[in-house]
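Look for subunit A in each of the two complexes below; its partner is subunit B in the first and subunit C in the second.
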Partner chain A sequence: MFDFLPQWMRDGLGDDVLFWLGYLTNGKHLTWYASLQFTVFAAVFGSLLAVTFGLLGATLKNSTFPPARLIGTIYASIVRGVPDVLFFIFFPLAFEQSVEWVMASQVCTPETLAAQSAAWPPCKEANWLLSTPEYLVMASVSLGIIYGAFATNVIHGALRAVPKGQLEAARAYGMSASQVLWRIHIRQMWVYALPGLSNVWMLIIKATSLLSLLQIADIVLWADRLGAPNFLKSVGLVHDDWRWRYYLVLFVFYILVTLVSEKGFNVLMRWAGRGILDESRR
Partner chain B sequence: MKKILLAAAAILALSGVAQAQDTVRIATEGAYAPWNFLDDAGKPAGYEIDLANAICAKAGFTCEILTNEWDSIIPNLVAGNYDVIMAGMSVTDERKQTVDFADEYKPVDPSRFVALPNAGIDFAALKGKRVGAQGGTIQEGYAQEHFAADNTVVAFGTADQAMADLAAGNLDIILADGAYLEPIVATGQVEFVGEPVEIGGGVAPALRKDEGELKGKINEALTALKADGTVDTLIAKWFDGAGPFYKK
Partner chain C sequence: MTQSAPETASKPNVVSIRDLHKSFGELEVLKGISFDAREGEVVALIGSSGSGKSTLLRCINMLEVPNQGTVAIDGEEIRLRGKGHDRRIGDERQIHRIRSELGMVFQSFNLWAHMTILENVMEAPLVVQKRPRPEVEAEALAMLAKVGIREKAGAYPAQLSGGQQQRAAIARALCINPRVMLFDEPTSALDPELEVEVLRVIKILADEGRTMVLVTHDMEFARSVSDRVIFLHQGLIEEEGTPDQVFGATRSPRLKQFLNAANHE
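Showing the complex of A and B:
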């Protein structure tokens, strides 16, 4: 593995260090490191969707049109109440089966329907094969829907926290309704929304550890696999139950993400608060 | 909106059909050495992976081998996520109600009990012990049937997790497939206790019930591979010189 290093360097490192370097960079471990991409994708795409759903939900909740207000309120309260694990496994399954159901009405013929012995899908042609990319998109959408409900409440509250005087002044300057909304109301809303949204972001980061429920080989699943005891030389390094070591690495990883996120949100906070409120410019 | 959905569905359907015709997707667990496991490169390896590749070469299939957790491996086969299971799965009447089996590729292997060395397990009066097995296996079924009344039967996601719990002292005995246990017993960490028990049939590929054509081709390839000694060679390679079982 490290034969490319010059001899003096290998001597300096010693056989033990070289062995562990080799172990930690074997294909299995490299796959583990690479599986971080799934976590990052789900977190980033999921939170973008959550903010989008949150803005939509808050707009609905703030609407003067009662049915729209009702939809926004129902979304925020029902989705927040359902356990995220449940929603996480329910939504992809329900979506897959509805696609297959719609597909079945188009591609199934009476013969193929009769030939199908399993209860689902209705016929073989209406079977949708799901693999990691599809599951990953669905997982992100699920995260977006779940945490969009939390974001709805955060943004709804932030919109109400913007001083009424600001909006009145904007109208007095002759701004149209949409100009008031985008240039003053939403522009100033971020200062009040960001502390709450940073909580939502942390929740999303934590929820990405659920990805393995959808057959995605993410960092948690690989930690489990790598830590499982191995008794056979032909399989690889023989070792006991090492799961706690790998879980410890995940533990440290999530703490680091928390610390980095806090710094990131401080930067965002300064950006959102520029020229608005003195207390936001800490 | 409905039209867009239908068009999207049609495209998905077409691409799905194209995929289904080209490749045979074979699922394994990837956590049951030496049957199937993930090697140092992170790719599936083991007896069943070698055999699957030999079958595919013989039958002229393009094959894709993927891993799936044991507890959802049959539901996902029935749902159509893949076409064949080769994961050390024994033929049982119960499983035959849901899936179809091709010919066996490893004969019936007695299940064995293991315990920590010198644990002093008395099988005549097994009471208040914690008995471990992998969930959804024939061994778990056997343990539930025979030991659940006086003992606690604990089911695990993978066989390795059960072994880890035995080593940590959380279990008294484990019931598992003999071929899986032998190399572990050889390390001296655990020892065989009690008598072997015969549960279930041989190990065979599992398929959906409506896949008669695929089953026929797999059986044809397996018959040829048994006749030319490939199956015996692979068994001897992965199971420490066991066999030969099939070559006359």
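Showing the complex of A and C:
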């Protein structure tokens, strides 16, 4: 494995270290490390969607048009009430089957329908085969919908915390409704929303460990596989049940993400709070 | 006093208000008010709290939409639709355009907290009036120099004293080259020692011949700065005239009572 290293270095490391170095960089382990991209993608894309849905939901909740307000309120209350795991497996399945149902109405013939009898999908041509990229997008959308409901409440509260007089001043100087919203209201909203949104971000990070429920071979699934008792033809038993060691690596990983996130949110907070935080400290 | 009464009498009306009514729920705050402010004229609105003077001022730029009556700026009537409590702005484009030429100064300053003082002053000229940045920046700095806080251009509102914030707010109003300056109790939120610096700036503007409508509780200031004083009582104009007439030869017993109370504050 490490034949490319010069002999003196191999002697210095010793056979044991070389063996474990080789073991931890074998194909399966490399796949494990690479599966981190799914977690990162779901977290980043999921949170972008959550903030988007949050802004949308909060705007609906703030609307003066009663039906819009109702939709915003229902979204925030119902989705927050449903267990995340349940919604996480429900939404992709429901979406997949709806697409198949629409496909079936286009492609199925009476003969193919009969051949499939009562099974799903209605006919083989209407079968939508999903692989990791599709599941990943659907997982991110699910995360976005679930945590967008939390973000809706956070942003709704933050929008109300922006001093009314400053919005009035913006209107008095001839700004249009959308200029007031984007240049003053939403820009100042962040400072009140960020503490709550950092909580939502942490929840999303934790929820990325659910990706394996959607058949995505993510870091959790691989830790499970790699931790199982392991035999190699050449050396026999490599290790027995080591799952706890692999899970421990995940623990450390998630704690590191938390620490880095806190630093990141501090930077964001300083940006959003320029001028405003000084005011509330006075 | 900025200009003698005959001097402004021949000038065109910048603000024309006709038969203005405004209620909040059951409470009728304005009960039919008409007045004009001519070009270069300084009109002071006085009256006890609840007399409707702030509401009247806020109707000029439609921060409050009157239930009845009309407001015209430079002869152009602000379009409204609906009736009574359902009355609302009829033409968004028109109101944005008209508002962009009315410089409002609020009691609580209402500077945008996330922008520096310079950004506050440049915001409306850049974003609403869409003027070129170099021109706006030069003018904004000149306005800040004029109100005496040029060195605070890079500071945030929260880092300034109340008096400095209000002067920044005045610079913000000046930088849009307003047809009218609207002052809503500009010194009520300030300590007396800070009040002076703001009043001095407003006095300079009045002497320049700017058209201004000013709500104030400071009788001495109203007397020294305005061309015409309007005394509001329970939503109606009770007395109106030059400062000398209103303060020197008071006719209405209610105004006499009000001035007595104000003198004993």
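Everything below uses one rule, namely that the second predicted complex is superposed on the first by the 268 of 282 C-alpha atoms of A that agree within 3 Å, B and C clash if a C-alpha of one lies under 4 Å from a C-alpha of the other, contacts with A are read in each partner's own complex, and residues count from 1 in each chain.
Keep in mind that, in the parts below, a contact is a pair of C-beta atoms (placed from the backbone, for glycine too) under 8 Å apart; a residue touches a chain by one contact, two chains touch by 3 or more.
The structure displayed is predicted, hence computed values, not measured ones.
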After the overlay on subunit A, what do you see for subunit B versus subunit C, clash or fit? fit
With the two complexes superposed on chain A, say which partner A:173 touches: subunit B (first), subunit C (second), both, or neither. second
Would you check which partner chain A:183 touches, where first means subunit B only, second means subunit C only, and both and neither mean what they say? second
If you tally the residues of subunit A touched by each partner, is the higher count for subunit B or for subunit C? B
State whether A:228 touches subunit B only (first), subunit C only (second), both chains, or neither. first
Going by the contact rule set out at the top, does A:66 touch subunit B (first), subunit C (second), both, or neither? neither
For A:127, decide between first (touching subunit B), second (touching subunit C), both and neither. first
When the two complexes are placed on top of each other via chain A, what is the minimal CA separation of subunit B and subunit C in Å? 31
Name the residues of subunit A shared by its contacts with subunit B and its contacts with subunit C. none
Which residues of subunit A touch subunit B in the complex? 26-28, 30-32, 99, 102-103, 106-107, 115-118, 120-121, 124-130, 215, 217, 225, 228-232, 234-236, 238, 240-241, 243
Residue numbers of subunit B touching subunit A in their complex, please. 5-6, 8-10, 12-13, 16-17, 19-20, 30-31, 33-34, 37-43, 67-69, 78-81, 158, 160-161, 163-164, 167-168, 183-184, 187, 189, 208-210, 238
So in the complex, the part of subunit A that touches subunit C is made up of which residues? 163, 165-166, 168-177, 179, 183-184, 187-188, 191, 272, 274-276, 278-279, 282
Enumerate the contact residues on subunit C facing subunit A in the complex. 61, 63, 92, 95-102, 104, 106, 108, 110-116, 123-124, 127-129, 156-159, 172, 176
